[in-house]
Structures are given as structure tokens and as C-alpha cells.
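What follows is chain A paired twice: with chain B in the first complex and chain C in the second.
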Partner chain A sequence: MSLLELRDLAVRHGDTALVDVADISVKSGQALTIVGESGSGKSLLAHAVMGTITTGLAVEGTMSLDGVHYDLADRANRKHHWGRELALLPQEPALALDPTMRVRDQVAEGAPGFRSRRKAALRRAEDTLGRLNLGHAARAWPHTLSGGMAQRVAYAAATIGGARVLIVDEPTKGLDRDSLDQLADLLTEHVATGGLLITITHDLHLARKLGGELLVMRDAIIVERGPADRVLTTPEHDYTRRLVAAEPSRWQYEWLASPLADATADPAAEPLVAAEKLAKSYGDTELFRDISLEIRPGERWALAGPSGVGKTTLGNLLLRLGAPDEGTVRHHNAVAGGRLQKLYQDPALSFPARVRLTDAMRDIVRRHGVPPGRVESLMATLGLPESLLHRLPGQVSGGELQRLAIVRAMLLEPALVFADEATSRLDLLTQERTMDCLMSELTRTGCALLLVTHDRELATAVADHHLRLDQAVHPVAVP
Partner chain B sequence: MLVVIAAFAIIGPLILPDPAAQDLGRYLEAPSASEPLGRDDYGRSVLARLAHATRLSLVFAALCVGTALVLGTSAGIASAWFGGWADAALRGISEVFVALPALLVVLLFAALAADGSLWTLYIGLALVQWVEYFRVVRARSSLVLGSPAVEAASLLRLGPVHVLRRHLWPELRPLVTTLAALGMVTCILAVSTLGFIKVGLRPPRAELGLMVTEGFPFYDVAPWMSVAPVAVLFLITACFLGLRRSEVTT
Partner chain C sequence: MSGTQRQLVAAVLLRRAGQAVGVALVVSVLCFAVVRQLPGDAAYRIAAGRYGDDLVDADSAAAVRAELGLDRSAWQQLGDWLVDLLRLDFGRSLVTSRPVVAEVGYYLLGTLQLTAVALGLAIVIGGLAGVLAARCPGGWLDHMTTAWVALVRALPPFLLGLLLILVLSVHLGLLPAVGHGSSSSLVLPALTLAVGLSGLIARVTRDTVVEITRSEHVRFARTKGLTERLVLARHALRNAGVVLVPYLGVQAAILIEGVVVVESLFAWQGLGHALVHAVFWRDVPVLQATALVLALLVVAINTVVDLAVLGLDPRPRKREVLA
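Showing the complex of A and B:
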């Protein structure tokens, strides 16, 4: 029975406390999950434990592992444990893998005795990959892996050294449900075999699956703790209640899609976008074929499916941002002249990076003769302070920038908005806020929506028309 | 420092005596208070010649770099923007120039016009230099033009001028200014190299490379004659390279 204890852990930047936690203990056989929104200090906590925190931040506190004490202020005293006792599964595993090494070789580097017995290490890496159903990918390069596969390769690399303490930092970003379930199974297995697990996430699904103990963090402190199923079903703290209610399946808004009411659209109306028998393939891989759909004014469509099946590609074809291999896309006159807008997964990339937001917005206002004051009034409606406009896109948080992107799109009074995973990188509360802004604006203007997402709950909550793309080429249209 | 050299190049020729004025009586005169760098083998003032030579180098390099920059940048943007055959054609032309050693092109042009005039040198150097702007700008522009930001701008119907002004130029400016600082150095060194091997500008024009060559036979009796232009070349190079580093970090 091993035990990891953290006492009086604090991370400070100048006078600001970024993490301030009195005590945390992790027992083997019981997962510990820390949830909270972005900026609550969860990830810093993980890095403080590992000793990988940036040098600009001051760390205090002690850690004890099986009775051995470590001063957390000293970043180096746990270094010899990396991989053997302590392991971190980093955010964005696709970026954490070395793009110039084959999967098996880089997994093997973490195996014990890699330097002296290379053959054995490689064999061990193959075994590990085989157990994770990645045997076929052992010789592959990281860039050819899907997000879920890269996540499992990173897991293999992090755990091959036999570390008992595994810290998982935001594993859910951009992963679809199936990959997430696979990862949850791996983590559960780690706990079941006597490992210590600390998972940092904003995904309540994962927290629920892992069970064990749950800590809710907000603004550097822990606001609630307890068994996961208790905290997630009967939350006590106000913040936890809001967090739990922010899951799309529990949303309560006027604009939610209701299965009873007829869709707002008039079925006789001319379609804004009419696609006929679309087909697209990249190289030898066929993404889809024979897709026909018509989007009428005010309709809300959701394109769902796991990552890599061509949801975004299909959306881009419908917006005529790409050319289909076969089939046609017709646009109604109502969407001409910029009345078709797109929201991007990473809003920071959709603004000119080196131009202040005021200038970017003013360009649109001038070009399209938007009435003065419209930007300001829209921003006020969406709860954005005007001072944000004086910044560069990189200096605004993801959630705020996505709302600014909504403001930008709405300036042109679009007839159809294509939201391409627009909230999949945001935490739950921010996602709820952003979707509320978007949907309220769409409802107010009667604009149609094309939502691409891998989150089935989000799709169900928002859309009246669903199109599922699966690995199999044939899509299922559900009216 | 660069400002001091530029001031020397601008003001020097105005207040100093004629660089070609000979005074054979003051043959290889040593430096003195009235003539800080002494006089050369024809009794001409080395300081005056140096000022003229520096001005020539700087103005000429600026002209070459300016031309290459405008030509290369616009070709690079056009290539990335239009793609297809325009891109293929421009890339083909640029590769021809890359395949030839830079000095060879300049030498070729210098040899074509046997009188060693400034114009042939100017065309030759500009032709050699536009390629690097073209390649860097083209690579960066195609990245920028393929970005979601430009896609969003086209959905917002903001037009090509907006893309140039807000997307391309802010991304390209630090690149081309860095390249231009390096280009100035290459250009000044190329002109003086050609002068040094006597295929560039002809005497009696005051030119840094020529001055070094002319000073060499008298190195033992009048070292100032060749050391002065070398020092100026060194300072200019160091200044431009220093400028480049501040460009990169800002």
C-alpha cells in the first residue's frame, strides 16, 4: 500500500497565489481527480509535484512518498524518480512526441535499462504497445497517428518505466468520446494494479468514470472535496453546482433543441445551401461519398462523429472553401456577400496575429458599412469588456476570443454560421457561456447553424438535424 | 555607430576637398592634424576619398537592396497568391539564379559592359539578391495565406488589400528587414570585392575596394591608405549585423 501526501503546497508568482492547497493524499487503488476551469491552478499543481514548473514561479511545501519526504521548493530532488516512480502524461500528447522518431523507439527510451540492453527495451516497448492495441503502429511516425492513438502512445512512453505515481494533465483536449473511454480504461487499470493516479481535467465524464476522490479547484484553492460520485451528484459548493450544470446534457436554455417542437425552419423555404452526392477522399482514403443535404434558413445542423472522419472537410465543402471530388454544392443568393460565416476551433488562429483587435474589427465595420456602435453593443450583449479590443489576439483568453469571433461573424448578419469544433478546447463553464452567446444571437437573428463536433451531448442539446459520420463511409441522416 | 558612418558619408563629401584633386608635391604624406588620414600616392586626401567611397557604397547598396526587396517581395507574394503556372514560372526563374554563384552573375554583367559602369553592377547585384527575398517571402506567404485567419477574412469579404495590409505585411516585415540588413552587407562587400579584383568600378573613382588595392603597394610606407577603407568596411558590416540581431529579437 503506497501513499503520496502533499502538505501546504503553494505556488506563487510575486504576491499572487496560483496554487494554495493545505493537504492532498493519494492512496494506491483509489484515483484522485482534480477538476476546475482553466486558470484555476490545476496544471501548476501537477508540475509542482513533478518539479517541472517554470523557474519564474516560487514553490513551497513538502511531498512524502512512502514515508520519504521531499521539499517541493527544490525542483531537482525528484528528478531521479522521473519515469521510475513519478510520471507525467502531458497535455497535447501529439506535440509531446518526438516527430523525428518512430513510435516504438521513443517508447523504448523510457524502459528501464534502455542504455545497456537496447534489444530488451525495444521488445518491452513492443509488448507495451501491443497491450494498448497499438502493435500495428510500432513502426509508425507520430504525425500519422490520430489524437487518441497519440494519447495512448504517450501513455505507453510515460508508464513503461514502471512509475507508480502517474499524473495525467488535461488528457481530454480534442479527444473524441471513444478515445476518451479507452484512456479512462487504461487509467482505471493503472489504479487497479496498485498505482497512484492524479488526473487533472475539466471533463466531468472522465472524472465520473475514474471514480475515487474528487477535488474541485477554483482560483488556486480547493473549494470542495469528496468521493467523485457524491460530489458530482449532490454538489455542496455553489461553484461545483455550476460546474456540474454546465454539462451540455444538463443545460437549461430557451434556445435548446427540443424533440417535441417542430424545427423553426419552414420546410418549403428555399435551401441556403444544397449539396448533392458529395464525395471526397484524401489520397487513397475515402472520407465519405453520396452525401446530400439541404440547409434551410433557421435550421440547426450537427455533424458529429469521431475525429478524423472528415467532418470539418464536409463543412468546408458546404461553405465552398474546398472542392468536392464529386457532387455539387449550390448556394442561395441569401448567403452571398459574406452572409456565410465560420467559427474556428482555435479562435486565436482566425484573427490576424499581429494586428490589434480594434483594427481587425474596424476593417470589417468600414468595409461593410456596419452601423457605428454595433460592435460595442454586440460586445456588451455577449458580456465582453471593451478594453479587450486594445489587445492582440494572443493576449485574450480562448473563451473570450471565441466570443469576439462570434461578434465578428454577427457583424455581417449571416444567414448561416459554421461552427467548427468551436468550443471543444474550452472548459465546461466557458463552453456553456460561449454556446449561450452564440445560440442567443442565432435565435435572435434567425440564422442557421452548422455545428461540427465530436461531443454527442452538445450536438443533441443544440441541433434539430443530425448527420453522423462514422469510420464507415456511409453517413446516417437523422431528420 | 551606423549613424556616425552615415553622417560621415553624407556630410564628408560636402565639406572635404575634391577627392580627385592631386597634389603630387604631397606624395604619401603621413597623417597630421589637418589631414587625419594622410595623402595617397597621387597626393590626394585619403579622408576625402574615404568619405566619397563610403557614400557611394551606402547609397549604392541601399539602391540595390531596395530594388531587390521590392522585386523579390512582390514576386514572392504573387507566387504564393496565384499559385499554379505563375508560381511555377517564378520559381523556375529564381532557381536559375540560385544555381549560378552570385558573384558569377555580377561578374558576367560587369564583363558585358566593359566600362565598369555603376549601372551594370546595380542590375547584376539586384538580380542576384531578389531571389532570397522571393524564396523567404513566398514560403511565409503561402503559410499565411493558407491560415484560418485569411480564410476567415475571405468569408468576411474583406478583400485583397486587407489581406496584404493586415495579414501578410505584419508577418513579412520583420523577415524582410532582417534580410535587407544582411543584404546591405553582402552588397557593400560585393562591390568592394569587385573593386579589389579590379573588375568593378574603375579608378580614379573613390571606392572602398579599389582604395584597398591601390593602397597595397605602399603598405610599408603608408599603411593608412589601405587600413582606413578596411576599417570602414569592417565597421559597416559589424553595424548592419548588430542591427539585424535587434530586428530579430523585437
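Showing the complex of A and C:
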């Protein structure tokens, strides 16, 4: 039986401790999962173990694998184990695959003996891909894969070398529920066949599926540990309780969708956006057809469905950011002149990277004649300190930046906001905070919402009107 | 090569072929128009080119005018040229009376030799410096390449050429200062061009390689257990090529078009040299053919770059697919 032990692991930046953990042990046959919000230090811990942590940070501590000791301060002493004993499944599989190389070759190069016996390695890669139901994608280019497929290809590439210790770093970003379940099955299988597994995640659903031992991290230290089912059902620490309560199905807010008919919407009101018989295809692939819907003032719509079915495309058509192949989209005068706003999935890409936030905001204030002081008052309402404005977008956390994007959208007093997976890259607590800010503002101003998400729970919690897009071309409208 | 790949290649070739025809027409007409706007009587200039400045008088100019039909209307002359162009008949030089094809072919060879050697040298010097600098961003070699870029960009080519002549020919006596034909006479002009270009290539290579070695997929390749050499060969080089090949294409085009100064300095007989003399002697057929060849060379370089990028990078370049 294999055993991985970490002792007195610390990561420091100057005098600040970013990770400070006394001992962690991982046994074969039992998954170890570390949960916590962004910035808690859990990813740094994973990279400290792997030896891939940035050189600006000081690492201390020892690791022992089957009785052999390694000084973690030396990043290079585990390098010869990479791919053979120690493997890392990186964040953002879509970026971790080389865009210029076919899937099969990327998987094969990690196989043992790749340099001397290339044919055998390629055959082995095809076998591995076949077992992951990706046999048809062996000769595909990475850009043609969906998020879930890219994740499984990355899994195949990381594990083909036969490493016992697998470290998985935030594998859930932007993945829909089905892909997530498939990944959870793969990881469970790795544990069942005697592998050692360390999973870093902010997704409690994944933590629940993996079971085993659970560590809850906050501000560099472990605040609670124990069997996953116990910690997630009867949390002891305050922070764990808040974390568990942050799942959308457990939210308690005034703005939550009620099963009763919503009060804000007036069925007689003229629709803000009226779409009739929309159809769209890309190349030979038909995304959807015959979609008609009307969004009235104050209504909350959710477009749900797995990734790649065309939710975002449909949302963009409704905003007239793209043209449908068939059908029409009409807009009411009430949404003219910027009163129709969009929140993007990655806020870092929706702000100019080299322009200070204060300048970015000032441009909008000038262009649209927003009354002075509105930026500051909105920021105060959303709990953002004014000092944030003096930074560049890259110097602000993802959650704060998305709240700034909400501020930016609400400056124009929109009649409709399109939130395109606006919280799917944020951790649970940050997602809760962000949605609370957004929904409170929408409720206060009577603004309508169009939410695109692959998270069914989130859609249920927020929206009164649902449209599910499935792999099947025909949408299922749920009143 | 898969079916879609073949379609993409065909699309590139078709588009560039169309471009070549368009460019040929526009350049021919423009050249013709520009020559007509030049001051002075073309017949006198051509006569001077043929018989020497001292022997030109009104009679010889009139003879030239009658022989070449220079008194016909502009439309007639342009029409004749375009019809000849369609028949791939470029005519004869007005000055030397040799076929234009032979004349321009000779100069084209000179230009291609010079460009190829200069570009090759620049890639070796600049690429090597860039890759080495990228291994340690902020290190001494990195600072050296930055200084190198500033230095060689600040030096105009004629000055750089003179310095090289002084050092390599006059002081060390290693190479001939000027001339055309022998391989040793090619070294100095090529080196002048290559040194000027190598700084830029070093800088672009360095930035590209740094960016790629920090990318997620190269980090993942490392943790898969690949050796540094395999990571470089299988992932870094190809992705760097996607950025560098179009850049080198632009530089090749600039080299071909912009080497007049260096060709004149070293008396190297290339297209730039030919163009200047054709303008001077009002040798319209040579001028038009030279300009045409230069324009088509740019189209050819762009075609090669397009095909190379198509082979290197499978990602679609249309936004439609990404949405």
C-alpha cells in the first residue's frame, strides 16, 4: 500500500504565509480532496508538492513517498518523477493542450518509452483514448473538442505514464454537470485501482462524489478535516457551514425565484425582446431551430443546457450581437441606447487589460452622461472599496472584477441584463456574493434578466422562466 | 493531407492567384502613368542612354521617338503593353535592345541570391540570440540582445555597410569591397542586410519563445515527463513558427523591395539596381517588368507564408466558428 505524507508544508511570500499546513497524508484507495475559496492557498499547496510553484515563493517542508523523503524547498528533486510517479491534471484543459498537435500525439508523448518505441506509444494512446470513449477524437485537433472532452484528453495525457500520485487542480471551471460526473468517475477509478489522488476544487458536488478524506482550507490553514460525507453534511467549523450553504440550492434570499407567479412581470406589458422562429447553424451542425420567446420587463429567464449546445449563441442573437440564419429578433425602444447590457464569463477579458479601472469607468460615465457619484454609490452598494479603481484589471480578484462589471452594466440603468455564465468560473462563496449583488440591483431597478448557465441549480434558484437547450435540436420550454 | 486541408490549400492558391492578376494590372498601369509624369522628354533620355550624353541631339531623339512609337497616344502605348503582357511578351529594353525577360531575369537572380543569404544569416544570428536570451529573461544575454537591437536599428544600412567594408575589406582584407558574380562578393552586402535584420528577429524570437515556454500547454508537457529537448522540439518550435513565419515573410518582402541602397553601395546587380537605372534612362519596358516582378514576388512570399501557417496551425481563422 502506497502512502504519501506531507510534513510542515509552508509557502511564503516575504513574511506572509500563503500555505501553512502541519501534516497531510494520502493513502492509496482513499481520495483526498481540498476545498476552499479562491486565494485560500489550496492550488499553491498542489504546486508545492508537484514542484511547479513559481520561483518567487519560498517553500518549506518535506514530502515522503513510500518512505523516500524529499525536501520540498528543492523544486527539482521530483522532476524525474513527473509523468511516471507524479502527475498533474492542470486547470483549463483547453489551454493545456497544444493547439498545433493532434490529440493522439499529445497523449502518446507521455507514455513510457515514447522516444524509442513511437509506434507502440501511439497504439497505447489510442487504447487509452478508446477506454475514455474518445476513440473517434484520436486524430482531432484540440480546438474541435468540447470542454468535457478536452478535460478527458488531458486526463489521458497526464496518466498514460502510469503515475501513482495524481494531483488534480481545479478541474471544474466551466464544466457542465455531465462532464463533471464523467471526470469524477475517472478519478474514482484511479483511486480504486490503487492510485493516490489529491484533488483541489471549489466544487462541493465533485468533493461529495469523490468521498474519502476532505480538508477545508481558508487563509493558508486547514480549518476542518474529516470524512467527506461527514464534513459536508454536518460541518463543525463556521467557515465550512458557510461554504456548504453557498450552494445555490441552499440559498436564502428575498430575490430568489418563487414557485408562485412573479410579482414584477406584467403579462400585458410589451416585450423588451421578441424573438420569432430563430434558427442557427455553424457549418453542418444545426444548433437550434424554431425558437420563439418574448422577454417582458422585469422577467427573469434562464437558458440552461450542457456546454456546446448554443446557449451563448442564442443569447447573443437575442441581444442582436449576431444574426440568426432564420427568424427575427425585435427590440422595444426601452432597450435602445445601451439599456441592454451583457456580463461576460471571464471578467478579465471584458475590461481593457492595460487601462486603469478608473479610466475605463470614466469613459462610460462621459459617453453616456451618467450623473457624477453614481459609480461610487453603486460600488458602495456592492461592497467594493473605491481604492480598487486605481488598479489594473489584472490586479483585482475575479469575484471583485465581476462585481465591477455589474457596476459598469448598472451605470446605464439597463432594462435587460444578459449574464453569460457570469459566475461559472467563480468559487461558491464568491458566486453567492456576486449573484446577490446582481439580483439585488436587478430587483431594485426592476430590470429583466437573461441568464445563460449550465448549472441547473443556479437556474432554478434565480429564474422564473426556463428554456432548456439539449443535444436534441428542439428546445424544451418550461413555463 | 485530409480533404478539408486540401480545400484550404486550394482556397489560398486561388485567392493569391486572383491577387497576382490584380496586382499585375494595377502595377503596370501605375508604372506607366508615373513614367509619363516624369519631367523631360523621354526620347532625349533614351537617346542619351543609348549613345551617351554628348552625342544626343534633336535628330537622334527624333529617330528614337519614331522607332519606338513614342509619339503615339498614351492609351495606344498602354494598350500595346497590356496586350503584350497577356501574351507574356515583355519586349526589348529601349536602351540595350536585349529582351526584357533576359535582362530582368539576370537582376532577379541577383536579388534572390542576396535576399536568401541575408535572410538565412539573419535567422541564424537573430534566432540563436533570441532563443538563448529567452532561456533567462532579464539575464545578461537578454540585455545584450536589447542593446544589439537598439544599436543595429539606429545604424542606417549605408553606414553599417561602410563600417563593414572598412573592417573586413580594408583592414583585414578578407573580402572584396564591391562587385558582382563571385560568392565572396555576396558576403558583404548580405552581412550588412542580415546584421540590420538580426536584431529585430532576435527580439521577436525572444518574446515569442518566452511567451510559449510560459504557456499552459508547455508547462503541461513538462509535467507529463517530457525532457526539455522534447518540449522544445515538439511544442515550443512549432508554436513559435506560427508567430515567426508571418513575421519573416514581412521581412523577406522588405528585403526584396528595399535593398536599393545596399545594392548601390556594393554595386550588386539586383532588381533595385535595375529599377533605379530604368527610371533614369526612361527604359519603360524594363521599368514595368521590374516593378511587376517585385509585386509578384510579394504575392509569392505571402502565398508561401499562408501555406506554411496553414501547415503549422490547424486552428480556423474565421471568427464564425469560434462563436
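Quick notes on this structure:
We take it that the second predicted complex is superposed on the first by the 476 of 479 C-alpha atoms of A that agree within 3 Å, B and C clash if a C-alpha of one lies under 4 Å from a C-alpha of the other, contacts with A are read in each partner's own complex, and residues count from 1 in each chain.
Throughout what follows, contacts are C-beta pairs under 8 Å (C-beta built on N, C-alpha and C of every residue); 3 or more make two chains touch, one makes a residue touch a chain.
Here the structure is a predicted model, which means the values were calculated and not measured.
Superposition of the two complexes onto chain A shows a clash between chain B and chain C. Contact with chain C, but none with chain B, is seen for A:Gly322 once the two complexes are overlaid on the shared chain.
When the two complexes are overlaid on their common chain A, residue A:Lys119 makes contact with neither chain B nor chain C. Applying the stated contact rule after C-alpha superposition, one finds that A:Ala353 touches chain B and leaves chain C untouched. By the touch criterion stated above, A:Trp141 is placed in contact with chain C alone, chain B being left untouched. In the superposition on chain A, contact of A:Lys342 is made with chain B only, not with chain C. Which of chain B and chain C touches more residues of chain A: that partner is C.
In the overlay built on the shared chain, the residue A:Ala96 is in contact with chain C alone; chain B does not reach it.
Of the two partner chains placed by superposition, only chain C is touched by A:Trp82; chain B is not.
In the three-chain model built by superposing on chain A, chain B overlaps with chain C at stretch 147-155, while the rest of 129-137, 147-155 or 165-173 show no clash. Taken together, the two complexes place no residue of chain A in contact with both chain B and chain C. By the touch rule above, chain C contacts chain A in their complex via residues 215-226, 230, 234-235, 238-239, 242, 312-316, 320-321, 323.
Note for the complex: chain A touches chain C at residues 50, 52, 82-84, 86-88, 90-92, 95-101, 109-110, 115, 141, 143, 154, 157-158, 161, 282-283, 312-313, 316, 322. On chain B, the positions that touch chain A within their shared complex are 147-149, 151-153, 155-159, 162, 166-167, 170-171. By the touch criterion stated above, chain A contacts chain B in their complex at residues 319, 321, 337-338, 340-342, 344, 346, 349-355, 359-360, 363-364, 367-368, 405, 408, 412.
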